[in-house]
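First chain written, first letter: the chains are A, B, C and D, and each begins at residue 1.
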Amino acid sequence: MILITGASSGLGAALASLYSDDNEKLILTGRNQQRLEQISTPLNPQVTTHASDLCDPQSVAELFDTIEEAPDTVIHCAGSGYFGKIEDQDPAAIKQLLDNNVTSTILFLRELIQRYRDHKVNVVVVMSTAAQAGKAGESTYCAAKWAVRGLIESLRLELKGYPMKIIAVYPGGMATRFWKTSGKDLNTSSFMTATEAASMLKQALVGTEHGYISDITINRG
Amino acid sequence: MILITGASSGLGAALASLYSDDNEKLILTGRNQQRLEQISTPLNPQVTTHASDLCDPQSVAELFDTIEEAPDTVIHCAGSGYFGKIEDQDPAAIKQLLDNNVTSTILFLRELIQRYRDHKVNVVVVMSTAAQAGKAGESTYCAAKWAVRGLIESLRLELKGYPMKIIAVYPGGMATRFWKTSGKDLNTSSFMTATEAASMLKQALVGTEHGYISDITINRG
Amino acid sequence: MILITGASSGLGAALASLYSDDNEKLILTGRNQQRLEQISTPLNPQVTTHASDLCDPQSVAELFDTIEEAPDTVIHCAGSGYFGKIEDQDPAAIKQLLDNNVTSTILFLRELIQRYRDHKVNVVVVMSTAAQAGKAGESTYCAAKWAVRGLIESLRLELKGYPMKIIAVYPGGMATRFWKTSGKDLNTSSFMTATEAASMLKQALVGTEHGYISDITINRG
Amino acid sequence: MILITGASSGLGAALASLYSDDNEKLILTGRNQQRLEQISTPLNPQVTTHASDLCDPQSVAELFDTIEEAPDTVIHCAGSGYFGKIEDQDPAAIKQLLDNNVTSTILFLRELIQRYRDHKVNVVVVMSTAAQAGKAGESTYCAAKWAVRGLIESLRLELKGYPMKIIAVYPGGMATRFWKTSGKDLNTSSFMTATEAASMLKQALVGTEHGYISDITINRG
């Protein structure tokens, strides 16, 4: 079974569609139950949805209470964008950005590790190339994404000796709804689509008996 | 004039004391006015204090409203620690940690840049060696410190061409009150004191006409 | 057409075998013509070999003189290992290590870029996880691999606006002949085989219209 | 006693002059005995010189044979520059660059560690900001400097538990003879002088009982 967060749009939704085509059993989560249902309606009957707010520890716990067995793979796509020069950014939007990307990831991985660190779970954490370098006009977004990277580099050390593994994914800009809601005005016509990124990621996640791809950067071009 | 945040204890208080000995004009800030006064009482009469909550944008604005001229140097020491394996960490304490280290730094630097980016201000941002590598038992603390690093690497790019400069400081473990409140049980007898770190940092911050030390890691040993 | 360096053993040989199964046209190079022929004999008839010494600029030029068209993909696997504490390492072996890994890569990429930077060539540079962190007992090997990483991060900037792209690959330890000749005594039974790494890498190299995986770390486990 | 390599020009010569003013006992080395004597003639009588070629293990051994006691501090400044787009670089000059920066540093640190790892020696390794990021037009120089960084990050791990410590220094562009011989045409009038960089570095190297500055980046501005 594969659990996908942020599944109601973008890369999460595209991955859901691709894995559904393979007849995988999927659990999709996101904040909006209606959007999740729109996404899952055309998918295979083994796909179920469960709305959750990953910033709320109680909601995270309830999400995992609905899961009966250890997932084989967890793909954490949830997150949001917010851009602009620091002096033009709004404090409330900054706090929202940190909640949506950092608090949510911490609380989600905390619950996942509490419950399943003794199981062979591949935990795929989707960040951004903004986690790898500073970028002008993206200071708080970089802060949020660097935070997630610092978190998972630490968790990899805590998970040494456990069967659970963390796979870090850094996609560059995709042509998704993300940009429309981020306040950044971009021509995304040469960007890869979410489906393109999803298909590359899906291929890269196929491991072998003794090895796996642990870190993946996906770029335009 | 030098503005120091997190001045009521640890490295911030030690720096206040050293710069006061040089008869520098200082403004000290921290959350607790009483503690700030305890720190400033023995210092030179040019030292003033102003309590502020850097997580509150209104409080940050008020702090800067009390400042009549561009500071020559700003030393941002404010921050707190919280440690333990991820599965043992408490959601409320995690949120507090992110607020104290990430939200505060973003809101503080945002206000500072809005007001003074056209002035020759040295902005010293004190992080930790936890901003440079993942550490087991420190996942959320690393997340918070990596966030600040991602922020300032981005802000350096936004400040290109402006006279304001950011200096990044990464101290290793010091023997301060920090550890007592962090939940980590450590024998800190071989750690450097805050005064030792402050004296090294103060020396390293003395620039020349055409150059300055932009990144400083301070370690035990 | 795919050009593979270091093709006479390890990952290079395994990739040659996998791509041959797909009926790809391949050119294999390595220092030893006899070993290259042993590798290529069982492969498809479109596979040709050309021995070359990548540390010799004349030999590199001659290799490219035999190639009639721009390759679609170049996979640079050539390299060697040498390990031990710094104080136990031999100066001649250190120089050999630098030649085999650094000089060779520089001269090879220099010739490739001179000739083909205006073509859509995917240049896959295989390094090691030793290019990403320091390792005790591997100081000179890390030096060599970090050198290659610094090189390609610079070349990516020089290639901005050109159709040629560099893909960075960082494999962890594989069970190959590499270890037998490196002076490091290891039980490699739980290591991934070269064929495992090759199959994961081959999948990850399949790009899409607007995107590609630019950086890949492959680990055991 | 302080041992300085690359002391016949640039930062090495400037450091020699500053430490001589403090009446420190110094040993200066470089390839050219005549230039070393020109540098040392105006310095205090405790300054001695010994020409050596750090790319030759025999010459490195002879240098250390002249030293009667463990140095307190070693400052390794030796190195050279070579720039240009990769396709315009000359193979012989590339090999020279790697020898002057990488082979020399490996052989020098190898001998130093063999002899003195059990002594409290501060080993200061001067690299460049080119060791921290890729740069267009500096690909082989970055390769050389990244190599040194990979080396010392590994050696720090090998030296754990020993009193010897490595201090990493990353200076940005200085106005020195270095540029005249590097083939890069630059207006260096706003660059810091070697004396400015030396004075900042000297201050930053003053440690305390339990701590020291382990990593220093010096920039223009």
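Note that a residue touches a chain if its C-beta (ideal position, glycine included) is under 8 Å from a C-beta of that chain, and two chains touch if they have at least 3 such contacts.
The chain lineup, named per UniProt: A, B, C, D = SDR family NAD(P)-dependent oxidoreductase.
Please read these numbers as outputs of a predicted model, since none were measured by experiment.
Averaged C-alpha coordinates give centres for chain A and chain D that are 45 Å from one another.
Averaged C-alpha coordinates put the centre of chain C at 32 Å from the centre of chain D.
Listed for chain B are no residues, as none touches two or more other chains. Chain contacts here close into one cycle, and each chain has exactly two touching partners. Two chains count as a pair here when they touch; such pairs are A-B, A-C, B-D, C-D.
Those residues of chain C that touch chain A in the shared complex are 165, 170, 172, 190-193, 196-197, 199-200, 203-204, 206-221.
For chain A in complex with chain B, the residues that touch the partner chain are 57, 85-87, 89, 91, 94-95, 98, 102-103, 106-107, 109-110, 113-114, 117, 130-131, 133-140, 142-158, 160.
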